[in-house]
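Which chain is which? They are A, B, C and D, in the order written, and residues in each are numbered from 1.
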Amino acid sequence: MKERKVVAEISVVPLGTGSASVSDYVAACIDVLEKSEHVTYQLTPMGTILEGPLDKILKITQEMHAVPFQRGATRVITTLKIDDRCDKVLTMKGKLEAVRSRRPEVKT
Amino acid sequence: MKERKVVAEISVVPLGTGSASVSDYVAACIDVLEKSEHVTYQLTPMGTILEGPLDKILKITQEMHAVPFQRGATRVITTLKIDDRCDKVLTMKGKLEAVRSRRPEVKT
Amino acid sequence: MKERKVVAEISVVPLGTGSASVSDYVAACIDVLEKSEHVTYQLTPMGTILEGPLDKILKITQEMHAVPFQRGATRVITTLKIDDRCDKVLTMKGKLEAVRSRRPEVKT
Amino acid sequence: MKERKVVAEISVVPLGTGSASVSDYVAACIDVLEKSEHVTYQLTPMGTILEGPLDKILKITQEMHAVPFQRGATRVITTLKIDDRCDKVLTMKGKLEAVRSRRPEVKT
(Lines give C-alpha, C1' and ligand atoms only; values in the text may rest on other atoms or scores of the structure.)
Protein backbone atom coordinates (compact mmCIF):
# COMPACT_ATOMS: atom_id res chain seq x y z
CA MET A 1 0.00 0.00 0.00
CA LYS A 2 1.28 3.44 -0.85
CA GLU A 3 1.61 5.95 1.93
CA ARG A 4 -1.14 8.59 1.99
CA LYS A 5 -0.20 12.02 0.71
CA VAL A 6 -1.28 15.37 2.10
CA VAL A 7 -1.30 18.81 0.53
CA ALA A 8 0.26 21.48 2.73
CA GLU A 9 1.37 25.09 2.64
CA ILE A 10 4.48 26.45 4.35
CA SER A 11 5.70 29.97 4.96
CA VAL A 12 9.05 30.74 6.63
CA VAL A 13 9.57 34.35 7.72
CA PRO A 14 12.78 35.73 9.29
CA LEU A 15 12.41 38.65 11.73
CA GLY A 16 14.79 41.41 12.71
CA THR A 17 17.02 41.01 9.65
CA GLY A 18 17.30 44.74 9.01
CA SER A 19 15.77 44.33 5.55
CA ALA A 20 12.12 44.05 4.56
CA SER A 21 13.06 41.67 1.72
CA VAL A 22 12.77 37.94 2.34
CA SER A 23 13.36 36.56 -1.17
CA ASP A 24 17.01 35.60 -0.41
CA TYR A 25 15.75 33.43 2.43
CA VAL A 26 12.93 31.96 0.33
CA ALA A 27 15.41 31.13 -2.44
CA ALA A 28 17.64 29.33 0.08
CA CYS A 29 14.65 27.34 1.38
CA ILE A 30 14.02 26.12 -2.18
CA ASP A 31 17.26 24.07 -1.93
CA VAL A 32 15.63 21.88 0.70
CA LEU A 33 12.70 21.26 -1.64
CA GLU A 34 14.77 20.66 -4.76
CA LYS A 35 16.73 17.95 -2.92
CA SER A 36 13.66 16.12 -1.64
CA GLU A 37 12.70 12.86 -3.36
CA HIS A 38 9.40 12.51 -1.57
CA VAL A 39 7.81 15.93 -1.70
CA THR A 40 6.81 17.99 -4.73
CA TYR A 41 6.24 21.72 -4.42
CA GLN A 42 4.86 24.83 -6.07
CA LEU A 43 5.87 28.36 -5.08
CA THR A 44 3.04 30.92 -4.82
CA PRO A 45 3.22 34.66 -4.06
CA MET A 46 2.29 33.92 -0.41
CA GLY A 47 4.02 30.63 0.41
CA THR A 48 5.01 27.23 -0.89
CA ILE A 49 2.54 24.41 -1.51
CA LEU A 50 3.82 20.91 -0.75
CA GLU A 51 2.49 17.47 -1.69
CA GLY A 52 3.79 14.29 -0.07
CA PRO A 53 3.54 11.98 2.97
CA LEU A 54 2.93 13.85 6.23
CA ASP A 55 6.07 12.61 7.99
CA LYS A 56 8.24 13.78 5.08
CA ILE A 57 6.53 17.17 5.06
CA LEU A 58 7.13 17.61 8.80
CA LYS A 59 10.82 16.75 8.28
CA ILE A 60 11.06 19.30 5.47
CA THR A 61 9.32 21.89 7.66
CA GLN A 62 12.05 21.44 10.26
CA GLU A 63 14.76 21.79 7.60
CA MET A 64 13.23 24.85 5.93
CA HIS A 65 12.65 26.49 9.32
CA ALA A 66 16.39 26.10 10.07
CA VAL A 67 17.56 27.85 6.87
CA PRO A 68 17.17 31.52 7.94
CA PHE A 69 19.04 30.80 11.21
CA GLN A 70 21.93 29.36 9.16
CA ARG A 71 21.97 32.66 7.25
CA GLY A 72 22.11 34.82 10.37
CA ALA A 73 18.47 35.48 11.30
CA THR A 74 17.83 35.42 15.06
CA ARG A 75 14.08 34.84 14.93
CA VAL A 76 11.96 32.83 12.52
CA ILE A 77 8.18 32.42 12.33
CA THR A 78 7.12 29.37 10.31
CA THR A 79 3.51 28.57 9.45
CA LEU A 80 2.41 25.14 8.19
CA LYS A 81 -1.14 24.29 7.11
CA ILE A 82 -1.89 20.61 6.41
CA ASP A 83 -4.92 19.46 4.40
CA ASP A 84 -5.46 15.69 4.68
CA ARG A 85 -8.28 13.39 3.52
CA CYS A 86 -8.60 9.66 4.06
CA ASP A 87 -11.61 9.16 1.77
CA LYS A 88 -9.93 10.13 -1.52
CA VAL A 89 -6.50 10.86 -2.96
CA LEU A 90 -5.55 14.49 -2.37
CA THR A 91 -3.23 16.25 -4.83
CA MET A 92 -2.39 19.86 -5.68
CA LYS A 93 -3.69 19.28 -9.22
CA GLY A 94 -6.86 17.49 -8.10
CA LYS A 95 -7.80 20.25 -5.69
CA LEU A 96 -7.58 22.89 -8.43
CA GLU A 97 -9.49 20.74 -10.92
CA ALA A 98 -12.34 20.17 -8.46
CA VAL A 99 -12.96 23.92 -8.52
CA ARG A 100 -12.26 24.32 -12.23
CA SER A 101 -14.86 21.66 -13.12
CA ARG A 102 -17.44 23.89 -11.43
CA ARG A 103 -16.08 27.26 -12.60
CA PRO A 104 -13.99 26.89 -15.82
CA GLU A 105 -13.20 30.62 -15.85
CA VAL A 106 -11.33 30.49 -12.53
CA LYS A 107 -7.80 31.98 -12.61
CA THR A 108 -5.07 29.63 -11.36
CA MET B 1 -1.58 59.26 -6.04
CA LYS B 2 -2.66 55.67 -6.51
CA GLU B 3 -3.76 53.74 -3.47
CA ARG B 4 -1.18 51.24 -2.17
CA LYS B 5 -1.84 47.59 -3.00
CA VAL B 6 -1.25 44.61 -0.75
CA VAL B 7 -0.91 40.93 -1.57
CA ALA B 8 -3.08 38.69 0.59
CA GLU B 9 -4.23 35.09 0.89
CA ILE B 10 -7.70 34.00 1.91
CA SER B 11 -9.14 30.63 2.82
CA VAL B 12 -12.83 30.11 3.63
CA VAL B 13 -13.73 26.75 5.22
CA PRO B 14 -17.29 25.61 6.09
CA LEU B 15 -17.69 23.21 9.04
CA GLY B 16 -20.32 20.62 9.84
CA THR B 17 -21.61 20.38 6.28
CA GLY B 18 -21.79 16.59 6.30
CA SER B 19 -19.38 16.36 3.38
CA ALA B 20 -15.58 16.57 3.37
CA SER B 21 -15.66 18.33 -0.01
CA VAL B 22 -15.44 22.12 -0.05
CA SER B 23 -15.03 22.79 -3.80
CA ASP B 24 -18.72 23.77 -4.25
CA TYR B 25 -18.21 26.48 -1.64
CA VAL B 26 -14.88 27.60 -3.13
CA ALA B 27 -16.50 27.82 -6.58
CA ALA B 28 -19.29 30.00 -5.14
CA CYS B 29 -16.71 32.28 -3.48
CA ILE B 30 -15.10 32.82 -6.91
CA ASP B 31 -18.24 34.78 -7.93
CA VAL B 32 -17.32 37.50 -5.43
CA LEU B 33 -13.84 37.75 -6.95
CA GLU B 34 -14.98 37.68 -10.59
CA LYS B 35 -17.31 40.63 -9.88
CA SER B 36 -14.63 42.76 -8.19
CA GLU B 37 -13.18 45.66 -10.17
CA HIS B 38 -10.47 46.43 -7.66
CA VAL B 39 -8.98 43.10 -6.69
CA THR B 40 -7.26 40.52 -8.90
CA TYR B 41 -6.89 36.92 -7.74
CA GLN B 42 -5.20 33.60 -8.34
CA LEU B 43 -6.54 30.29 -7.00
CA THR B 44 -3.96 27.90 -5.50
CA PRO B 45 -4.44 24.38 -4.12
CA MET B 46 -4.52 25.83 -0.57
CA GLY B 47 -6.31 29.17 -0.88
CA THR B 48 -6.82 32.23 -3.03
CA ILE B 49 -4.20 34.94 -3.48
CA LEU B 50 -5.54 38.49 -3.77
CA GLU B 51 -3.92 41.72 -4.96
CA GLY B 52 -5.51 45.12 -4.37
CA PRO B 53 -6.05 47.97 -1.90
CA LEU B 54 -6.39 46.77 1.72
CA ASP B 55 -9.87 48.24 2.29
CA LYS B 56 -11.20 46.48 -0.82
CA ILE B 57 -9.63 43.19 0.26
CA LEU B 58 -11.23 43.46 3.71
CA LYS B 59 -14.62 44.10 2.06
CA ILE B 60 -14.16 41.05 -0.18
CA THR B 61 -13.14 38.98 2.85
CA GLN B 62 -16.47 39.84 4.48
CA GLU B 63 -18.37 38.92 1.30
CA MET B 64 -16.51 35.64 0.72
CA HIS B 65 -16.93 34.69 4.38
CA ALA B 66 -20.72 35.11 3.99
CA VAL B 67 -21.02 32.75 0.99
CA PRO B 68 -21.03 29.37 2.81
CA PHE B 69 -23.71 30.65 5.25
CA GLN B 70 -25.89 31.59 2.25
CA ARG B 71 -25.48 28.00 1.06
CA GLY B 72 -26.53 26.46 4.38
CA ALA B 73 -23.31 26.08 6.38
CA THR B 74 -23.71 26.87 10.10
CA ARG B 75 -20.05 27.53 10.88
CA VAL B 76 -17.29 29.09 8.79
CA ILE B 77 -13.60 29.57 9.57
CA THR B 78 -11.95 32.20 7.38
CA THR B 79 -8.22 32.92 7.39
CA LEU B 80 -6.72 36.07 5.84
CA LYS B 81 -3.00 36.80 5.63
CA ILE B 82 -1.99 40.29 4.48
CA ASP B 83 1.50 41.12 3.17
CA ASP B 84 2.04 44.89 2.88
CA ARG B 85 5.13 47.00 2.11
CA CYS B 86 5.38 50.77 2.01
CA ASP B 87 8.93 50.91 0.58
CA LYS B 88 8.18 49.29 -2.80
CA VAL B 89 5.26 48.21 -4.95
CA LEU B 90 4.08 44.74 -3.96
CA THR B 91 2.46 42.48 -6.59
CA MET B 92 1.80 38.76 -6.93
CA LYS B 93 4.03 38.69 -10.03
CA GLY B 94 6.82 40.76 -8.47
CA LYS B 95 6.99 38.52 -5.40
CA LEU B 96 7.45 35.39 -7.55
CA GLU B 97 10.03 37.08 -9.78
CA ALA B 98 12.12 38.19 -6.80
CA VAL B 99 12.62 34.50 -5.97
CA ARG B 100 12.95 33.38 -9.59
CA SER B 101 15.76 35.89 -10.25
CA ARG B 102 17.73 34.09 -7.52
CA ARG B 103 16.63 30.51 -8.36
CA PRO B 104 15.52 30.21 -12.01
CA GLU B 105 14.67 26.51 -11.54
CA VAL B 106 11.97 27.24 -8.95
CA LYS B 107 8.56 25.67 -9.70
CA THR B 108 5.67 28.13 -9.71
CA MET C 1 -31.90 42.02 17.22
CA LYS C 2 -28.33 42.14 18.40
CA GLU C 3 -25.59 41.87 15.80
CA ARG C 4 -23.92 38.44 15.66
CA LYS C 5 -20.47 38.22 17.24
CA VAL C 6 -17.52 36.25 15.98
CA VAL C 7 -14.39 35.08 17.76
CA ALA C 8 -11.19 35.88 15.88
CA GLU C 9 -7.42 35.84 16.30
CA ILE C 10 -5.06 38.48 14.97
CA SER C 11 -1.29 38.61 14.70
CA VAL C 12 0.57 41.67 13.39
CA VAL C 13 4.27 41.12 12.58
CA PRO C 14 6.68 43.86 11.40
CA LEU C 15 9.56 42.77 9.11
CA GLY C 16 13.00 44.23 8.53
CA THR C 17 13.00 46.27 11.75
CA GLY C 18 16.59 45.42 12.72
CA SER C 19 15.43 43.84 15.97
CA ALA C 20 13.97 40.40 16.59
CA SER C 21 11.74 41.82 19.33
CA VAL C 22 8.16 42.72 18.45
CA SER C 23 6.71 43.48 21.91
CA ASP C 24 6.97 47.27 21.42
CA TYR C 25 4.77 46.92 18.34
CA VAL C 26 2.34 44.57 20.08
CA ALA C 27 2.05 47.00 23.00
CA ALA C 28 1.24 49.83 20.57
CA CYS C 29 -1.43 47.70 18.89
CA ILE C 30 -3.10 47.23 22.29
CA ASP C 31 -4.05 50.94 22.19
CA VAL C 32 -6.38 50.23 19.30
CA LEU C 33 -8.07 47.49 21.32
CA GLU C 34 -8.30 49.44 24.58
CA LYS C 35 -10.11 52.25 22.71
CA SER C 36 -12.66 49.97 21.07
CA GLU C 37 -16.20 49.96 22.48
CA HIS C 38 -17.37 47.03 20.37
CA VAL C 39 -14.60 44.46 20.58
CA THR C 40 -13.20 42.69 23.64
CA TYR C 41 -9.80 41.03 23.53
CA GLN C 42 -7.41 38.67 25.26
CA LEU C 43 -3.66 38.62 24.58
CA THR C 44 -2.05 35.18 24.24
CA PRO C 45 1.62 34.25 23.74
CA MET C 46 0.95 33.83 20.00
CA GLY C 47 -1.57 36.54 19.11
CA THR C 48 -4.63 38.41 20.28
CA ILE C 49 -8.10 36.89 20.49
CA LEU C 50 -10.97 39.22 19.61
CA GLU C 51 -14.72 38.96 20.20
CA GLY C 52 -17.20 41.26 18.50
CA PRO C 53 -19.21 41.94 15.33
CA LEU C 54 -17.33 40.98 12.14
CA ASP C 55 -17.41 44.46 10.59
CA LYS C 56 -15.91 45.99 13.75
CA ILE C 57 -13.20 43.32 13.84
CA LEU C 58 -12.27 44.01 10.21
CA LYS C 59 -12.03 47.73 10.98
CA ILE C 60 -9.79 47.00 13.98
CA THR C 61 -7.66 44.71 11.81
CA GLN C 62 -7.02 47.60 9.44
CA GLU C 63 -6.13 49.90 12.35
CA MET C 64 -3.83 47.39 14.08
CA HIS C 65 -2.13 46.57 10.76
CA ALA C 66 -1.31 50.29 10.32
CA VAL C 67 0.40 50.66 13.73
CA PRO C 68 3.87 49.23 12.87
CA PHE C 69 4.05 51.46 9.74
CA GLN C 70 3.37 54.49 11.94
CA ARG C 71 6.33 53.39 14.07
CA GLY C 72 8.71 53.07 11.12
CA ALA C 73 8.33 49.47 9.91
CA THR C 74 8.42 49.14 6.10
CA ARG C 75 6.73 45.74 5.85
CA VAL C 76 3.96 44.19 7.93
CA ILE C 77 2.42 40.71 7.76
CA THR C 78 -0.97 40.51 9.46
CA THR C 79 -2.89 37.27 9.95
CA LEU C 80 -6.58 37.17 10.89
CA LYS C 81 -8.55 34.00 11.59
CA ILE C 82 -12.33 34.36 11.98
CA ASP C 83 -14.51 31.71 13.64
CA ASP C 84 -18.22 32.36 13.06
CA ARG C 85 -21.35 30.30 13.82
CA CYS C 86 -24.95 31.18 13.02
CA ASP C 87 -26.53 28.31 14.99
CA LYS C 88 -25.40 29.40 18.46
CA VAL C 89 -23.81 32.35 20.25
CA LEU C 90 -20.03 32.18 19.98
CA THR C 91 -17.87 33.70 22.73
CA MET C 92 -14.28 33.33 23.89
CA LYS C 93 -15.52 32.05 27.25
CA GLY C 94 -18.08 29.66 25.76
CA LYS C 95 -15.51 28.07 23.45
CA LEU C 96 -13.17 27.30 26.36
CA GLU C 97 -16.02 25.99 28.53
CA ALA C 98 -17.20 23.61 25.81
CA VAL C 99 -13.81 21.87 26.05
CA ARG C 100 -13.56 22.18 29.84
CA SER C 101 -16.93 20.48 30.34
CA ARG C 102 -15.44 17.46 28.56
CA ARG C 103 -11.94 17.64 30.07
CA PRO C 104 -11.94 19.52 33.41
CA GLU C 105 -8.16 19.11 33.75
CA VAL C 106 -7.44 21.16 30.60
CA LYS C 107 -4.98 24.03 31.10
CA THR C 108 -6.27 27.45 29.96
CA MET D 1 23.33 22.07 26.95
CA LYS D 2 19.57 22.10 27.09
CA GLU D 3 17.68 21.82 23.83
CA ARG D 4 16.21 25.11 22.58
CA LYS D 5 12.49 25.54 23.09
CA VAL D 6 10.03 27.18 20.72
CA VAL D 7 6.57 28.57 21.33
CA ALA D 8 3.98 27.35 18.83
CA GLU D 9 0.24 27.37 18.20
CA ILE D 10 -1.75 24.47 16.80
CA SER D 11 -5.30 24.20 15.55
CA VAL D 12 -6.83 20.89 14.38
CA VAL D 13 -10.14 21.17 12.51
CA PRO D 14 -12.21 18.20 11.26
CA LEU D 15 -14.32 18.76 8.12
CA GLY D 16 -17.49 17.11 6.92
CA THR D 17 -18.45 15.73 10.32
CA GLY D 18 -22.14 16.64 10.12
CA SER D 19 -21.87 18.84 13.20
CA ALA D 20 -20.54 22.38 13.51
CA SER D 21 -19.18 21.57 16.99
CA VAL D 22 -15.52 20.60 17.30
CA SER D 23 -15.09 20.56 21.11
CA ASP D 24 -15.30 16.73 21.29
CA TYR D 25 -12.33 16.56 18.92
CA VAL D 26 -10.42 19.26 20.77
CA ALA D 27 -10.99 17.44 24.08
CA ALA D 28 -9.63 14.22 22.53
CA CYS D 29 -6.55 16.07 21.26
CA ILE D 30 -5.85 17.21 24.85
CA ASP D 31 -5.02 13.57 25.71
CA VAL D 32 -1.96 13.78 23.47
CA LEU D 33 -0.81 16.90 25.32
CA GLU D 34 -1.52 15.61 28.83
CA LYS D 35 0.65 12.55 28.10
CA SER D 36 3.61 14.54 26.79
CA GLU D 37 6.63 14.91 29.09
CA HIS D 38 8.39 17.42 26.87
CA VAL D 39 5.75 19.90 25.81
CA THR D 40 3.62 22.19 28.01
CA TYR D 41 0.41 23.71 26.66
CA GLN D 42 -2.29 26.30 27.19
CA LEU D 43 -5.71 26.13 25.52
CA THR D 44 -7.07 29.40 24.10
CA PRO D 45 -10.46 30.11 22.46
CA MET D 46 -8.78 29.82 19.03
CA GLY D 47 -6.17 27.07 19.39
CA THR D 48 -3.61 25.53 21.68
CA ILE D 49 -0.27 27.16 22.53
CA LEU D 50 2.66 24.78 22.93
CA GLU D 51 6.11 25.25 24.45
CA GLY D 52 8.91 22.73 23.97
CA PRO D 53 11.68 21.52 21.64
CA LEU D 54 10.75 21.80 17.94
CA ASP D 55 11.17 18.09 17.16
CA LYS D 56 8.83 17.16 20.03
CA ILE D 57 6.27 19.71 18.86
CA LEU D 58 6.34 18.34 15.31
CA LYS D 59 5.80 14.82 16.69
CA ILE D 60 2.84 16.03 18.77
CA THR D 61 1.44 17.84 15.72
CA GLN D 62 1.41 14.52 13.85
CA GLU D 63 -0.31 12.79 16.78
CA MET D 64 -2.93 15.51 17.32
CA HIS D 65 -3.62 15.65 13.57
CA ALA D 66 -4.40 11.89 13.64
CA VAL D 67 -6.98 12.13 16.45
CA PRO D 68 -10.06 13.26 14.43
CA PHE D 69 -9.43 10.50 11.84
CA GLN D 70 -9.44 7.94 14.68
CA ARG D 71 -12.84 9.35 15.68
CA GLY D 72 -14.32 9.06 12.19
CA ALA D 73 -13.54 12.35 10.45
CA THR D 74 -12.58 11.97 6.80
CA ARG D 75 -10.79 15.30 6.37
CA VAL D 76 -8.66 17.29 8.79
CA ILE D 77 -7.04 20.71 8.39
CA THR D 78 -4.23 21.33 10.88
CA THR D 79 -2.43 24.64 11.24
CA LEU D 80 0.86 25.01 13.12
CA LYS D 81 2.65 28.32 13.72
CA ILE D 82 6.17 28.14 15.17
CA ASP D 83 7.89 31.11 16.83
CA ASP D 84 11.60 30.46 17.41
CA ARG D 85 14.45 32.70 18.59
CA CYS D 86 18.12 31.77 18.97
CA ASP D 87 19.18 35.00 20.72
CA LYS D 88 17.12 34.56 23.89
CA VAL D 89 15.02 31.98 25.71
CA LEU D 90 11.46 32.00 24.40
CA THR D 91 8.59 30.97 26.70
CA MET D 92 4.82 31.46 26.74
CA LYS D 93 5.15 33.39 30.01
CA GLY D 94 8.08 35.51 28.83
CA LYS D 95 6.27 36.57 25.67
CA LEU D 96 3.26 37.82 27.63
CA GLU D 97 5.45 39.60 30.20
CA ALA D 98 7.39 41.44 27.49
CA VAL D 99 4.11 43.11 26.47
CA ARG D 100 2.82 43.51 30.04
CA SER D 101 5.99 45.35 31.10
CA ARG D 102 5.13 47.96 28.45
CA ARG D 103 1.33 47.96 28.97
CA PRO D 104 0.37 46.74 32.47
CA GLU D 105 -3.35 47.10 31.69
CA VAL D 106 -3.24 44.49 28.90
CA LYS D 107 -5.82 41.71 29.24
CA THR D 108 -4.35 38.18 29.16
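By our rule, a contact is a pair of C-beta atoms (placed from the backbone, for glycine too) under 8 Å apart; a residue touches a chain by one contact, two chains touch by 3 or more.
Treat the numbers as computed from the prediction; the structure is a model and nothing was measured.
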Neighbours of subunit B that also touch subunit A are C, D
A student comparing A-C to C-D should find more C-beta pairs in contact for C-D
Taking each chain's centre as the mean of its CA atoms, subunit A sits from subunit D at a distance in Å of 20
When centres are defined as mean Cα positions, the distance from subunit A to subunit C in whole Å is 26
Rounded to the nearest Å, the gap separating the Cα centres of subunit C and subunit D is 17
Touching two or more other chains in subunit B are residues 20-21, 74-75, 77, 79, 81, 83, 85, 87
Among line, ring, star, complete and other, the chain contact graph is complete
Counting only contacts in the complex, subunit C reaches subunit D at residues 7-9, 11, 20-21, 23-24, 26-27, 30, 34, 40-47, 49, 81, 83, 85, 87, 91-93, 95-96, 98-99, 101-103, 105-108
The answer for subunit D against subunit A in the complex is residues 54-55, 58, 61-62, 65, 69, 74-87
Given the complex, residues on subunit A that touch subunit C span 13, 15-22, 74-75, 77, 79
